[in-house]
Amino acid sequence: MNRIRATIVGGSGYTGGEVARLLLFHPEVELAQVVSSSRAGQYLHSAHPNLRGLSTIRFSHPDDLMPCDVLLLCLPHGATMGEIARYRQLAPRVIDLSADFRLRDPQLYQRWYGDVHQAPELLPEAVYGLPELHREELREATLVSGTGCMATTAILGLAPLYRAGLVDANIPLVLEAKVGSSAAGAKPGSSSHHPERSGAVRSFQPTGHRHSAELIQELGLLGGHGNSGLPQTVAFSATSIELVRGILVTAHVFTKERIDERQLWRMYREAYQREPFIRIVKERTGVYRYPEPKILAGSNYCDVGFELDVEQQRIVVMAALDNLMKGAAGNAVQALNCMFGWDETLGLTFPGLHPV
Amino acid sequence: MISNPVLTAACPECAGEVPLQNVLVGEIIYCPDCSAELEVLNLEQPELGLAPEVAEDWGE
Amino acid sequence: MNRIRATIVGGSGYTGGEVARLLLFHPEVELAQVVSSSRAGQYLHSAHPNLRGLSTIRFSHPDDLMPCDVLLLCLPHGATMGEIARYRQLAPRVIDLSADFRLRDPQLYQRWYGDVHQAPELLPEAVYGLPELHREELREATLVSGTGCMATTAILGLAPLYRAGLVDANIPLVLEAKVGSSAAGAKPGSSSHHPERSGAVRSFQPTGHRHSAELIQELGLLGGHGNSGLPQTVAFSATSIELVRGILVTAHVFTKERIDERQLWRMYREAYQREPFIRIVKERTGVYRYPEPKILAGSNYCDVGFELDVEQQRIVVMAALDNLMKGAAGNAVQALNCMFGWDETLGLTFPGLHPV
Amino acid sequence: MNRIRATIVGGSGYTGGEVARLLLFHPEVELAQVVSSSRAGQYLHSAHPNLRGLSTIRFSHPDDLMPCDVLLLCLPHGATMGEIARYRQLAPRVIDLSADFRLRDPQLYQRWYGDVHQAPELLPEAVYGLPELHREELREATLVSGTGCMATTAILGLAPLYRAGLVDANIPLVLEAKVGSSAAGAKPGSSSHHPERSGAVRSFQPTGHRHSAELIQELGLLGGHGNSGLPQTVAFSATSIELVRGILVTAHVFTKERIDERQLWRMYREAYQREPFIRIVKERTGVYRYPEPKILAGSNYCDVGFELDVEQQRIVVMAALDNLMKGAAGNAVQALNCMFGWDETLGLTFPGLHPV
Amino acid sequence: MNRIRATIVGGSGYTGGEVARLLLFHPEVELAQVVSSSRAGQYLHSAHPNLRGLSTIRFSHPDDLMPCDVLLLCLPHGATMGEIARYRQLAPRVIDLSADFRLRDPQLYQRWYGDVHQAPELLPEAVYGLPELHREELREATLVSGTGCMATTAILGLAPLYRAGLVDANIPLVLEAKVGSSAAGAKPGSSSHHPERSGAVRSFQPTGHRHSAELIQELGLLGGHGNSGLPQTVAFSATSIELVRGILVTAHVFTKERIDERQLWRMYREAYQREPFIRIVKERTGVYRYPEPKILAGSNYCDVGFELDVEQQRIVVMAALDNLMKGAAGNAVQALNCMFGWDETLGLTFPGLHPV
Amino acid sequence: MISNPVLTAACPECAGEVPLQNVLVGEIIYCPDCSAELEVLNLEQPELGLAPEVAEDWGE
């Protein structure tokens, strides 16, 4: 068996560490290099204490990057697009977890990120790396973008409704994300100082959240609006809560006509019954009736549920995942599995813990 | 990963397929998708009914 | 100085304990009795460990209830209305923290609570005990209802906008409450078992939340709809998060016409500048830019903030409070202060902690 | 390949659910039955939401227990010993996670547990199921006891020192365990009610903790005291802290003579370098310098560290693990692997998460 | 009424903010200045969001310090001693919350803090500001030191036993502190980054903790050893846990001879029955049987409890407090009250919350 | 699971075996066991020294 060689750039960060953890146990992949400028020469466990004793790999300096079969870029927004040519010379396949290649339209990028895109010619060919939506394209892709963690949660929760053409586009789509502290990465600051961040219920982005752009693009595609994007008003806000890993998105959708619960069940079941990482969670009794992020920590599941208010013709959609897994590193490995034609679940079978 | 068993009936709550191996008419079983408590009404023409449920307080 | 004598019924519960704590330090009130069926004869600190050493009062049995100047009822929903006649005989003024006397309309009660109201004749005279909205009526009131903790948060956040007639009623009002575990009271159960409840992000009421009824009634009054209630679709959902005390409500309002931020500031300032317990929180820098419940624990503040999306004509309103204080016991004491014509801040000056 | 068939009794509880999760992914084991009296007929995910979609097994009623290759008993203390004959008839190998068969001496049992043992004749043959100490005996064992979660942590932390004969037995051994809420099992109560348990730093057993008995037995064996137990005074106390999974034990040991740090390193390295689930954690810099339970959640590691106060001839030993894994279910599966002669790490390779 | 004028230096930090909060509500004190170099000119609530709306004071620059009646220095260790002459010229009374003036002996200072003391001539006259031990000296003091938060907890827990001469000094005194994140102050860093610090059970100082020096000095005084300090071996270790405010110290003491529980009760009662801020907590039933820091957040109490192991002649002492209150700012205000001859409880009556 | 490489030297801090592949004299490397910062002093007779360390504040 000849394993492919994968290299992680930005390997001292949170998504980089998570990709490393996953690839260390992946049956088809050998971890070639893990790159970090701040920790070059140190062992992986200096940044990722859970990896102690699992590998003798040491962080490589960015200058020592070597050719490999696939590069996983785990750098902050904006750090990839200027260097992408160099990265693509090093590897025939590149997966970039940042936001640099998520949007197809350079105008859209500029509007939401404020800067001119530095590699606009690559945007049309980059694939939005969500297997549930772009599985086929991934098989041939050479440049794949990771997906925004909150955007992924929302898109997976809503996709069946938009694909079914059920949503009344005249009523704004309101989405509320509740999110843990790891979503902001490994860099400390005054707002992440434990006495300040602990117990927070902090509205960090009530309006204008950048993940809206991904939603507009991807739900627009599903709704048949092509590249012009979802025409509906999207009102997305995000709240940081006491949690390290995990996201719950609650979305309020109004339907064009009356629908009943069994129709909804059918729609979701059809959309997701063959998806290995999506589960429908909707129970009438018990403690865990709807998707709950805490039991997903470390797993690659996105759990999706819904509740219908028949009178109001409103559907409340709830979707949950681990931002570092299905929201970032796990999804990237799933996309990698797609790109190489492997079973999508390779390296991703940890089911999550309970209690936790 | 839930494999499809032979004999099933539709859940009256969520329309999901409920497996019916080793069950008797009148028995209470559960829907694997929505966990509804179901009574086996008929096995020849497989049919399930919603079992009378005690409303459960969920706190909050 | 002749202090009035106040008695607490349901004194072993969370709101009862909080009322007791406040009244023990209230300069005009003497705590006459604290009633509990389960702890009769025991000292207050058996249920409320923070009160150790502060009082020699012991819980009284419900059968031993004595006449007093004011009764504060801290019982579960539905437990008050059947006994209200007896309570009113014992005291000329009654404050009922349960939901039994919050709604003016017995039909509305039945619709949201499922049961026929047992004292419908009292509903018209009961005052919804929110001083910011019903201060005048409180001065003469003999039966005052407490207010729903999430409803209070939402109403105080939105009142200036509804009073100003700014809201586009054709677009549903979407509200999301994030709430701590003490809101569910002192009774243990499997969903409040620590290993299950800890770290939860739990959609416990995606649709049909009862506090909607209070919102519809009170925002309807403010919007000039009288007793017929707010005609707008109200989409209220609530999520339990890792927190003991505290609520954050995020509300999405669309306006009839364009508005700018300064107009909004003016509106909120006019509404609240003379209110002792409402603060506008809206900062451009720093860690605490919007209302945050954790720094309100133990205080009677409701902090209110907003963010405007000019293009979408959307206002995101955020309001936070401590569910046991401004959401229950603190607000009840504030109402008590109103009823007796005292300074509203008596007994309520604790400002909250930081860090916490 | 013929998998062995394993059955779990007490499968609706926390350790039962954890054993189920592990065995569902174990390459040599088929999960035959999962027994629960309270949930008979329901799917596993009704009690263990993380197992949703992973298995079609439903809980069996205790009356329907069938013969199998190995029985794992996950019942409360005292519930096993009276039924042990029946269980042993059903399976040639039994692993009992309760405390019923941990102590070799029925007197010791009675002293610490207050009751007369109901199957004293089996105590001599039952094996204390800690592979690091009893690996050889496990190969032939037919009755294996699980180990106390705090006892395991302490024993693994201290074993190298006692085996080396280093400890001054004239000075009491003081041990302090910090422990999460899942250690008390799935049954709710007023002390585990989230508003009460949250943020707790609760001295739940300052003196007389039962796990002392296991310590005295096992450290006594290591110290060469045979069945008479450790003669040293053992001062063990336990504190519940805000945590669901995890234990940290801090132990204070005084040595007979001066020792230096490198000698200690050597001692620990010799004891543990071939152990697949024990890691020595001792760093001079960085955030994770000593064992930390949170990064062990879901893993089977016991991390062990030490700090030397040369002047005082004192060694502070710190050991951490996940009480449901190496402290219960994971260790039981490791013992199972020993009993069947398999690689000890089968089914136990999940390394834990970071950040978390 | 003529209020005294108090100034806070280091007012943007955690203890500085807490002193500010207390003095804003103190009936005898006017807050003259709050000094900060990093926030000069900004309002107090820029650093202390809980103080929003309570005061129009803005931070002063250190260069603008003006004379006042009392100076409260809330600076990091080592920052005071070099400047103390200047501070004493500004105010006739100085309270320094740092460690610079806690130890009477410059040698002891150098041994534990590594540096030569810069104002050794002041050490003999500085008073260790713990009213329970040095109330008389405080009345005349002009230079008072604050006390270490963990040291205070331990000393108050153990004082009655040492004063009674009960402790067997041949057996080491083992103390374990469990402590929240605010004890490390307001400065962020990688170990206080929320994803890392959250859920931590982190042995940050297993040996050689500096607070040992205060223990040795103060327990030595109580035990009649004068300035030579406690001769007993002190084994103090500290563990950071998931908590923002609060400390629990568990101490293991062995007695010279057998003692029974009633004698212990008597000893503690005699020591503390007239102390306004010390409560003995020792219950046989209920959830809160021993001291628990969470219900003390914001209060000035130190709760003290004990458990006796008659056979081992061991007493486990547990003591809890809020590190920013009785462990720092609250205690400083209590000392201030002593210095001015006021009722010691002025400004310190907040009892703490439950649930919380 | 750390496999034994060929050339090693003892860590002066913890006496652990430190692998010495692809390193030069004077280079700073890390001990895999205790993470001490080490200077490669000699490769022929493998020897490591403790690198001068900046004391790091750990908070608390």
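In this document, chain identifiers A, B, C, D, E and F correspond to the written order of the chains, with residue numbering beginning at 1 in each.
FYI, contacts are C-beta pairs under 8 Å (C-beta built on N, C-alpha and C of every residue); 3 or more make two chains touch, one makes a residue touch a chain.
This structure is a prediction, so every number in the text was calculated from the model and none was measured.
If you take subunit B and subunit C together, the chains in touch with both are A, D. Two copies of one chain, subunit C and subunit D, touch each other, and the residues they use overlap strongly: the shared fraction of interface numbers exceeds half.
Centre to centre, using the average C-alpha position, subunit E and subunit F are separated by 42 Å. Subunit C and subunit E have Cα centroids lying 36 Å from one another. Within subunit E, residues 14, 181-182, 186-187, 189-192, 195, 198-199, 242, 244, 287, 292, 355-356 each touch two or more of the remaining chains. Shown for subunit B are the residues that touch two or more other chains, namely 1, 35, 58. Interface of subunit E with subunit A (complex): residues 14, 180-182, 186-190, 192-195, 197-199, 242, 244.
Taken in their complex, subunit F has these residues touching subunit A: 1-3, 5, 19, 28-30, 32, 35.
Against subunit C, in their complex, subunit E makes its touches with residues 14, 17, 21, 24-25, 46, 48-54, 182, 186, 244-245, 279, 281, 286-288, 292, 295, 297-299, 303, 324, 349-356.
For subunit E in complex with subunit D, the residues that touch the partner chain are 171-172, 174, 176, 178, 190-191, 195-196, 198-203, 206-208, 233, 235, 237, 239, 241-243, 246, 248, 250, 252, 254, 287, 289-294, 305, 307-309, 312, 314, 316, 318, 320, 355-356.
Looking at the complex, you find that subunit A touches subunit F at residues 41-43, 46, 53-56, 58.
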